[in-house]
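The letters A, B, C, D, E and F name the chains in turn, as written, and every chain counts its residues from 1.
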Amino acid sequence: MKLVVAYIRPECLNAVKQELFAKKIYNMSVTNVLGSGRQKGFTETYRGVVMEVNLLKKLRLEIGVNDDYAEQAVEAINAGARTGKEGDGVIFVLECAAAIRIRTQETGPAAMG
Amino acid sequence: MFESTKQTTALLRPKVWALTLLLATLTPAVAFAEGEALSQEHGNLLWTLIAAILVMFMQPGFALVEMGFSRAKNAGNILMKNLLDFSAGVPVFFLVGFGIMFGQDVAGLFGSSGFALSGVDPTTAGGQWDLTFLFFQSVFAATAATIISGGIAERTKFSAYIIVSVAVTALIYPISGHWAWGSLWGGDELGAGWLEAMGFIDFAGSTVVHSVGGWMALAGAIVVGPRLGKYSADGKAKAIPGHNIPLAGLGVFILWFGWFGFNAGSTTTVDGTIGYIAVNTAMAACTGALGAMIFAWIKHGKPDTSMSLNGALAGLVAITAGCYEVSPVGALIIGLLAGILVIISIEFIDQVLKIDDPVGASSVHGVCGVFGTIAVGFFAAPGYGDNAGLFYGGGTEIIVTQIIGAAAVSAWALGAGLALFTIIKLTIGVRVSQEEELKGLDITEHGMESYNGFQIFTNE
Amino acid sequence: MFESTKQTTALLRPKVWALTLLLATLTPAVAFAEGEALSQEHGNLLWTLIAAILVMFMQPGFALVEMGFSRAKNAGNILMKNLLDFSAGVPVFFLVGFGIMFGQDVAGLFGSSGFALSGVDPTTAGGQWDLTFLFFQSVFAATAATIISGGIAERTKFSAYIIVSVAVTALIYPISGHWAWGSLWGGDELGAGWLEAMGFIDFAGSTVVHSVGGWMALAGAIVVGPRLGKYSADGKAKAIPGHNIPLAGLGVFILWFGWFGFNAGSTTTVDGTIGYIAVNTAMAACTGALGAMIFAWIKHGKPDTSMSLNGALAGLVAITAGCYEVSPVGALIIGLLAGILVIISIEFIDQVLKIDDPVGASSVHGVCGVFGTIAVGFFAAPGYGDNAGLFYGGGTEIIVTQIIGAAAVSAWALGAGLALFTIIKLTIGVRVSQEEELKGLDITEHGMESYNGFQIFTNE
Amino acid sequence: MFESTKQTTALLRPKVWALTLLLATLTPAVAFAEGEALSQEHGNLLWTLIAAILVMFMQPGFALVEMGFSRAKNAGNILMKNLLDFSAGVPVFFLVGFGIMFGQDVAGLFGSSGFALSGVDPTTAGGQWDLTFLFFQSVFAATAATIISGGIAERTKFSAYIIVSVAVTALIYPISGHWAWGSLWGGDELGAGWLEAMGFIDFAGSTVVHSVGGWMALAGAIVVGPRLGKYSADGKAKAIPGHNIPLAGLGVFILWFGWFGFNAGSTTTVDGTIGYIAVNTAMAACTGALGAMIFAWIKHGKPDTSMSLNGALAGLVAITAGCYEVSPVGALIIGLLAGILVIISIEFIDQVLKIDDPVGASSVHGVCGVFGTIAVGFFAAPGYGDNAGLFYGGGTEIIVTQIIGAAAVSAWALGAGLALFTIIKLTIGVRVSQEEELKGLDITEHGMESYNGFQIFTNE
Amino acid sequence: MKLVVAYIRPECLNAVKQELFAKKIYNMSVTNVLGSGRQKGFTETYRGVVMEVNLLKKLRLEIGVNDDYAEQAVEAINAGARTGKEGDGVIFVLECAAAIRIRTQETGPAAMG
Amino acid sequence: MKLVVAYIRPECLNAVKQELFAKKIYNMSVTNVLGSGRQKGFTETYRGVVMEVNLLKKLRLEIGVNDDYAEQAVEAINAGARTGKEGDGVIFVLECAAAIRIRTQETGPAAMG
């Protein structure tokens, strides 16, 4: 099993969700994050002082999937989150040693769906 | 320790005192003899001033309602629009609008004198009244202007909005305002607008102020187009919930508070009618809120907060035309109907016409303004004001006049609004880019966030 | 350019102008001759109106305090309750409550005429006063009603609250109000309530308004029961912190602002006493805040923000009965004591009685209202008002009367409150389900969130 | 049903009624005969009271602006400071400050009688006026005091702030206040301050109130030192954005609203000038906002929200001295210049002087206060007030007097402020520890959070 | 070592904490997340428009534990978070390659406790 | 590849960022968390009631790095986040099975930089 973690643009979440749903991946969790990466921050002026904003607002997506779905999840995220401009983000795939669905107490791959 | 003669001195103002030292007794006009009476003129001036201050306070009311009902990423931009329309509107109205609205009448259509109150002598009682009257009218003009920002919130360029604001307070509002209220300042001497000559009744401005703002907002919403994500590909309306209902609620109460100045202050006179005007204003606001609350409850299964808040405003807008003419019971009914009407209208404009008016400005101010204006023809009660409506044995004449007036002003405001927004669209552009809209106008138009440090979930 | 005769015309209101065109000079009553004096009656009416508008503005003050002191997930529900109690309360008081409170006296216990102000002629000076007086009294009634929502916040069904609101403004408040103020409208002609006949002093309503609201809130808190998680299994009180202290602080200042209308406006007369009433009001609020701040600092090691805010309100409630009777120094002392008392009371009710009153409504309005009423018997100062209290050589007679009055009204409000809430509990139910309470009443009762997009940590 | 004679009875207040039952007709003074006129004295007292209430409402305005422009973790502390300075300031001014400011003059430097208004008889018209005048003046004193908290926000110990507040309202403000306004209460009898004897013009207090507060804020900011992280190691200013711009915007509008009481109320008289004073006040605020908006736009490429809000306040501060003396066109220009000046000043103090004033209090109130005071010498217009400025053919004499006055008061406030803050620093300490500052003053000074449950990103 | 990641109902946090404390697990980190899973979202009406809310408010719990405690952490979460109704959430157990306690510079299992 | 996850004091973020930048690590994501650990919570008094605050505000840092940079990331975090007082936090190093940079579609170590 895998835990797919992706950092994406907030405005791409809907598109990513559509792509995931198209692949029958419905389970996920989303968090607000502030990120820095290759996309440079921007400067604002607040009360006359130039201000460097280098932590940008991003979303963090976590999707626990079975091994065979990991590829598909990555594909879906790629499809929905890619604009081609700096700041699109990254996807990490982590190994998940065990999974338990709390309500049903299903474990392993069965817990992922 | 202190003799009572001291009080007269104490009444002198700083400058007077300084002067007294230099000029001895050269300013008798400002020191009042003990036991002298307050003149009716000064009483009226005081009341008009206080009422104007209350109306001025409606500005943050509008700002809060509009901020609260839109998203966090655009809150500062909405605030700036409200600050701008007041800040530009009051000077522009002083320099241009006032003369167009209240100056020497030209064919019943517009005024043509009194710009910047030139010729007014502030040392005379008349001149001092003129300045007070100007203040009262300028906050009304700013009210009409500020209504617009709600309808076009979250996607309109700030520079475009500046042009709209100036045009409204300089020309669009004063012209139709002249039709209905043109002789309020100069009386017979300067001549009346065509609607007042017909006997059109709009005591405090359901049509003159609110409808004008409301229809301009609708025009703007049409030309600017809906917010991204407001309508799905298949044309279904989607909800874009407001981010701060407590602020919006505070805004509604502030508006309600200021509205007592708006309506009761429109007498510009201290007499016995101001009390019942306030009663009518309160009653209609109450039943407006109740009507919307109950109607939403029945229709959607829940007493919706934002609709109930809109309902109170709908009642207030609707009673504005007739607050001097109807009885408290009439006000109760007018408010109730407005509260129901505003929901029907919001849903119709949003879901059927597919025009995206984020705060419901066109329904609250446009539709309910027209409704309230026409309602005078039905509900004007003998004993209150000077007319009898259909329900009290009056004929249909007033109703016809009211419909003509409301229709004429509405057509003017909608037409002028469509023209103005279209011209802006074709020249400097009326809408921010898609990317700016997604990031939010606070960052992209003003370079700052409204809620720095707060974690806000944005997703579209 | 403009002659000064113009001013008279400018004073005419829209409707008058329209009429003038039709009826020529048939409305001399409303146009005032130059130099005419403002009558005392119209001055009084103006002041009473302005004061009523200020009191109306206390509504958002209450809403903000109650919202700020409870959790984010219930903010919209609290707002709706405040909107509802005003929106329902004002019409209900007009239709029913006013007559019960001020109509023809029946055995000193309640009034029985004047419902919907029937028979009042708005064309007469007397009738115009009546309508203004109604407005002033209706915002007082709404104040009593709105106090209750704080005590039962975060767990009470909205439908249950509607019933409570209507019952309070129709019956519970007007009945005890009649006892103390019944003859304020009709004088000798309609007869007085039993407490005023005894000489009970409650100038602006520490007991009549605030205690009634406060004890009803306590009754509600008892019957509805504490919020989930408020008391641990072993009965220890747990803190459930408010979510928006800036809003609560703004609410307190708005209340303070409106309170000047509440107290000084209760003269319903423009005379020399309104100034010192305002001074007393300010002094007591200040020392109320200071008293609570210092007392909390000593007791808990920190100057607690929410307690200090409550302290200002405690001072205001306590001075309401005696603002016309005591000296500024007396007001300083009354406020200080109230500020200390409110903390003792809040902690006693919360931790010893284990009654969960989220915003401290029963302590602020109930306990401090009674305290302030009795304090008049001690602090009433010669030169201010018409009485001398114990500290100024007056006897104990007033104290006894004050205790009787405060006790009678408190017993009535608490008893009626317990009965009312119990009946609702046994019929439609008074409390939301556990799941609804956990999710928050905004979503479950009104289908919307108050702070859409904000990340809010909820955890119980 | 009700005869019109009833109205007279209805005007009676509760206490009067109770008394009437006991004493029959012993209180004829308070019941007014029908048709009697309102006296000018009572009219003035009413207006002064209403204006004072409006000025009191500026307190939450300041609190909101200061909270909004600083970080979420310190919001409650700022609120507490504003609550404290009003709560302590009003009683302290009553007990001490009033006598120093308005009592028997000593060498033109300070007053020495009238402490706690001793000797004032509240049963006389004169005494009732005195109490009203006290109320009006006490809210002015509290305004001067509350300005300070903004300049030293986010790092100053609460206990240190209490001492500052008391010292300002007891001594620092009243002493320089006496110089300019000392005879306002007692007139010739008690003698004038040295500046008013020179003819110094500061109608409503650009210098007397605002500069004093502004320079004290600057003194505090200097002594307390900048917030952690405000200046980088190499001395470059860094931005620390405010956390709640909607609240700050509301605060600005509330201040604006209250300012009409501040300026027009400073007549303490109902006459024809109050209208144009309000017009001038509105005009300058509008162009202040516009000036700042446009200037920031040109300078930084964006119309900055927080600067535009400051601009409105700058215009208000600047017009305060001359609101009675200048024409509306003069007000437009004064406001515009103030709006530009405030930005230059904020950036100069922040980036060149490297003094950390989080909300710009020294620029808005100190710099623009001085500017507005001197501007009177240029813009005072014949027909308005009693002077002619340089631009209207008056000489330079007024300008010189204005400069002397503004300089003297500024030097006093800055000097006294530096001394006071330094003494506190050397004794109990003026600043919280570094750890407390990082955690936020809400938790560390008051033991509670302002936005419980909200996820707030803190990072320095 | 393991990093136990669980997505639970916000209202269950207290119960879960009690269970963890009972097993002497005191260290954890909690985040707000928005999740979608088997629990369907709900519909609200905002201003007359039906609105699908399909991202629900959940909490994300992270507990770094030694291998022998992983089981216990999972058990505790199960005990505290289970209501049996849809929306109870899932638990993922990730392999943790290394752990360092910043203050003490303890590493490995010692850092976890 | 590794995903370095660290829980640190909010006030240390700037220092940590400086240290990371000094080691040419620019990519990271930051989240608000509430944590409990060895640092005891504190008690506040709210309206006269003593209140135990045992979830403290912390930040969660996530840094995806190549294996050779993991050490350096850990060092940098240690350097910037250590105050020596309780509450400094922990660092976990997770194994990252795959990484994809959305914009460039780089995968593996190349995606990390």
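The definition used in the following text is that a residue touches a chain if its C-beta (ideal position, glycine included) is under 8 Å from a C-beta of that chain, and two chains touch if they have at least 3 such contacts.
Predicted model only: the values in this text are computed from it and were never measured.
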Co-neighbours of chain A and chain B resolve to D, E
Separation of chain C from chain E in touching-chain steps, minimised, is 1
When D-F and C-D are ranked by contacting C-beta pairs, first comes C-D
Across the interface between the identical copies chain A and chain F, with over half of residue numbers shared counting as same and under half as different, the residues used are different
Distance between the CA centroids of chain C and chain F (whole Å) is 52
Expressed in whole Å, how far the mean CA point of chain B lies from that of chain C is 29
Note: chain A residues in touch with at least two other chains are 31-32, 34, 44-46, 55, 94-95
Two or more other chains are touched by the chain D residues 37-38, 41-43, 50, 125, 127, 129, 133, 241, 244, 250, 300-302, 304, 306, 447-448, 451, 454-459
Contacting chain pairs, sorted by label, are A-B, A-D, A-E, A-F, B-C, B-D, B-E, C-D, C-E, C-F, D-F, E-F
As the complex stands, chain E meets chain C at residues 10-11, 13-14, 32, 44-46, 57, 59
Chain C residues touching chain B in their complex are 1-7, 9-19, 21-22, 27, 30, 32, 34-38, 41-43, 45-46, 48-50, 52-53, 56-57, 59-60, 63-64, 67, 75-76, 79-80, 82-84, 86-91, 94, 116-117, 121-123, 125, 127-129, 131-135, 138-139, 158, 244, 247, 250, 442, 445-455
Per the touch rule above, chain F residues touching chain A in the complex are 1, 3, 17, 26-32, 62, 64, 94-103, 105, 111-112
In the complex, chain C touches chain F at residues 237-239, 241, 296, 299-302, 304, 306-307, 343, 346-347, 350-351, 360, 455, 457, 459
The answer for chain A against chain F in the complex is residues 2, 5-8, 31-38, 55, 58, 60, 70, 74, 77-78, 81-95
